[in-house]
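Could you have a look at this structure, given as structure tokens, before my questions?
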């Protein structure tokens, strides 16, 4: 009995919408015109929001901010595939996810201005607060999914992280728990090719991130992350599968971080302009626009209206954010525990 | 451009020596008769050592002990494939590894009796001390391998861990660093089917542990861990590959923990006798003996001599261990830092 | 009333709380079929099934991190870390998440989680099986730290911990597990968190201890008119009870199993030196483990505070 | 002599030590091409190449764990953790291995490793970018903890740390990085570990601080005859210098940026209360961060000890 092959795997990549705006009819998910327009609007208003955030930061009105430019389709397409009762677990760059679920975006401005109250999640939204320590929140999503399963709730959890996040031990432990307990969770990895200055190839020797699922005995799939239809379809399939009790899925959305890592970063130190220029033709919004144009649902007038509407919404969020009262120093003490400790009460006397 | 397959992988399993003692001639590594006898002796004396350790523990002369029964071939076959200048990183069950490299086994008794001095590694042996926290020492092996590469030393590192160890974050981070830096390291996973009471199937949903290498972009291979030739060949190939600068390999040795997890454990609480009985015919020593018999290098006389010699060696180690002076309480303070701190010097005044 | 050791008392608390509340689940390494390496979770699997008593993969950050997700979703997980020496991979989840999620989202999500783990020297185990690292957890606002010293209080404190709305690190002295038996009522009772217990009243010296050290402290005071305080909750600790006693006695000895430097004894001493200094008659003494890497069993008895060392410290402070 | 800020001084120490000794290597997230998010490792990649200045995958346990292996093999790694709030995944490697390997094998292998990380409030950053968790590391025999407060000492201490045969956790106040400039000589000099520095002599009160708090302490004492001690090394701390000063002044204020409970200030206070109590005229005051989850930038200035709070504490102890 010599050498024998005991297992074989293959990793698939899904693309639906070409750079020229043509969709593969066989794979195209059932989306109405209204829904397609909604997706387009979500992409667009996110980009407007994102640009404004950069401006506000430059004016000193926000703190450090992590732009989402270029990755909007990975986030909108995936978040759109969940239901309102599902639970989402964002990392720190998921502005488009918050947008898609209808989060009060003035509060996101508030958060980035350095105010915890921006993450006081409204009761009717099931999204976790922004998690800064890379990869760590993956376990929370898995745990929540295990709880959903235990409770018999027909829900799924979705968790967002980057290519860098796949290197952390918590990614591994989360993926492994999810596989072992067949938890209803969808792992959404935005491979935007960079973890601050570290390029994707130096993050891991694996040729795809999707193939990391092999280690945990469940399916991994790569999608064109700038193709909102492909992202939506892959996520939707994974959510449905999770709810059927068939366990987790890893989705690698291949996209690109078009901007600096954050406003504290200067990407020109470690990458040339050319490499990001090369990604411009793949822009998720351009591509969807071409598709809509071909379908006759994109017109100059529609675009103009969208731009005005987006600007107005963002203006409104900025205004709302700026009208918020300053937090009280006493707030520091109010959420450490359910009730302040005797020592905290004494300390509060300073204010 | 619809769904396409972007990657394909397959996992191989290597077996050379059958349960009836027949070896696959095409795969058989070039081992002399002397070497084969040496392997057999190493397996046998380890088993003698292991049995004695259990007895000593029962008599209260050792503390908790982790028996190696059933896994000898995985350890002897792999350790035998390294050179003396290579560095090995054991977990806590690697008695056969220590035996194979010629470690003073009286010191291993001394260690399990609760005395650090048993791990004062002789200067001419490159083995790390026993590491108890599961999976954590994997990173040390990878770091040492990175250092070997940096220094231009033609060496490899070998690291031992169990099926349970593959679940820890440090396994993941170590595998990923090794892949990324193409470190000359061989990962030797003894899948003995149990992590204390947790069976292999509940440790991960992956069908093999070898396939976990896919996540890191390098080769993983499964071998029959009770087949000393297969283990030797796979390890030797991996060591050579590492030294050629071609990076790491994961070897899954499929074996079985025939005894309790440790002397503090009672395996009958969580597994039936039958399941371990089923592994008896696969015993690594029986199998090698049948092979040697067929080759005419095993005789009753040889066996008798081996038994006597093994017993004598183990007796000698026990005697040596028991003649060791008690450690001094002051020893506690001598190895925390290179030099005791002023506070420690004060504390030492108590003794 | 049945006499129980600490293993039995804790086991009973788990059984009763799981019966009372379906949201209480147990997870960890070997907690199911094996009943835990110390048998603390024995019988839970048979009573409540593998969906509620989860044998997890071997990954401490995974255990605590998923438990955080469960807690935020509405369960009340009781996670076991097999030995305190293996809790460190979970420190990130405990410090950066369990302690902070309430604050991060201003109370929308909370983490009512209990992390149980055996600690301490005294069972002749291999390396990393004897740590008492409570001080690390006591320097992290957002979590609570509880260390019972007796079967009765262990049950009542664990019930309080499970019902507590915040994350509680619950430390069980492995040396005490089967050392003492005492009356432990079946059925519900609680011992409140944040309150110390005066085990013995006295006037000459205040001896403060927790967990396994309490019993050595009690042995050491047999011939002295000492007030002995069992701290029980370390974070937040019961300053009032401590200061009241110090005001009465004017002398303090603190006994801690962990290495001296940076141990929790330092916080108690510093608090007294700040808020009750004027009542002190002399130095505050700490009797602690030494500042060394914890030795293997052959030397572990030398490492731990002995009754003799405690007595000597008491004698010394009585000189003032 | 060139004037340098702390970033430049530390950068210079790294350059010089790497030039002197081929075994010194640098690893961490973004330490190579990017030169570190604070530019502390700027220029090293160009000087010494990517084999010695390693951009690692995003994994803190991996960084410290592999660095331990490198150190044991004979290198002298300087590992960077991008922010102290991200050091927790590496705590297991630091506590269970870096601190213990020497002891585990009785000195056959050692871990001459430096772990550098920026700490502290004051750069208006997101959550987890403002921690000062030095106390956790000060309760771990086997490692050393160093916190420089000035560019000159930073360079000299880092050179000592790199040459030290044990693992050193080296904490750099992000707030100080570019705040102060002072003369820093090029070329070799060391500032010894384990020794405190009297920044200002005085007779009425001893003010003890480290890192960023030193400068606030100095501001607060401008009108008082205070002795100000810059601790520099926290573990092991220079008891002699501290006690000598306390004996002289009889009054103590300790300033620490971390939350109060269980912070390193407690150890200093407790040590004094134990070994120098009889020289004290009144309570030992700690001025510290509050016992809360560290707030985001809008409230961070309220969290930190202010000059005003330090002054008030000094006034109070001066009453005795």
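Here are some notes:
Lettered A, B, C and D in written order, each chain numbered from 1.
The rule is simple: a residue touches a chain if its C-beta (ideal position, glycine included) is under 8 Å from a C-beta of that chain, and two chains touch if they have at least 3 such contacts.
Predicted model, so just to flag it, every value in this text is computed and none were measured.
Under the contact definition, chain B and chain D share the contacting chains A, C.
A count of contacting C-beta pairs for A-C and for A-D identifies A-C as the more extensively joined pair. The distance from the centre of chain A to the centre of chain B, with each centre set as the mean of the Cα atoms, comes to 43 Å. The distance from the centre of chain C to the centre of chain D, each centre being the mean of the chain's C-alpha atoms, comes to 30 Å. As a whole-number value, the distance joining the C-alpha centres of chain A and chain C reads 40 Å. As a whole-number value, the distance joining the C-alpha centres of chain A and chain D reads 36 Å. Of all residues in chain B, those that touch two or more other chains are 116, 133, 167-170, 173, 176, 180, 202-204, 335-336, 341, 343. Multi-chain contact residues of chain D, defined as those touching 2 or more other chains: 56-57, 59, 61-62, 85, 89, 92, 96, 103-104, 127-128, 141-142, 236, 261, 291-293. Arrangement of the chains shown, judged by which pairs touch: all-to-all, with no pair of chains left without contact. For chain B in complex with chain C, the residues that touch the partner chain are 63-64, 92, 111, 113-116, 132-135, 164-165, 167-170, 195-198, 202-204, 264-265, 269-270, 326-327, 329, 331-333, 335-336, 341, 343-344, 347, 350-351. Residues 61, 85, 88-89, 91-92, 95-96, 99-100, 103-104, 127-128, 133, 135-136, 138-142, 235-236, 258-259, 261-267, 269-275, 277-278, 280, 282-286, 291-293 of chain C are the ones that touch chain D when the two sit in their complex. For chain A in complex with chain C, the residues that touch the partner chain are 87, 116-117, 119-121, 123, 128-131, 133, 136-151, 157, 169-170, 173-174, 176-177, 180-181, 335-338, 341-343. Residues of chain C touching chain B in their complex: 29-30, 32-35, 37, 55-59, 61-62, 85-86, 89, 124-129, 260-261, 290-293, 295-300, 302-303, 309.
Residue ranges of chain B in contact with chain A, taken from their complex: 1-16, 18, 24, 26-27, 167-173, 176, 179-180, 182, 202-208, 211-212, 214-218, 222, 247.
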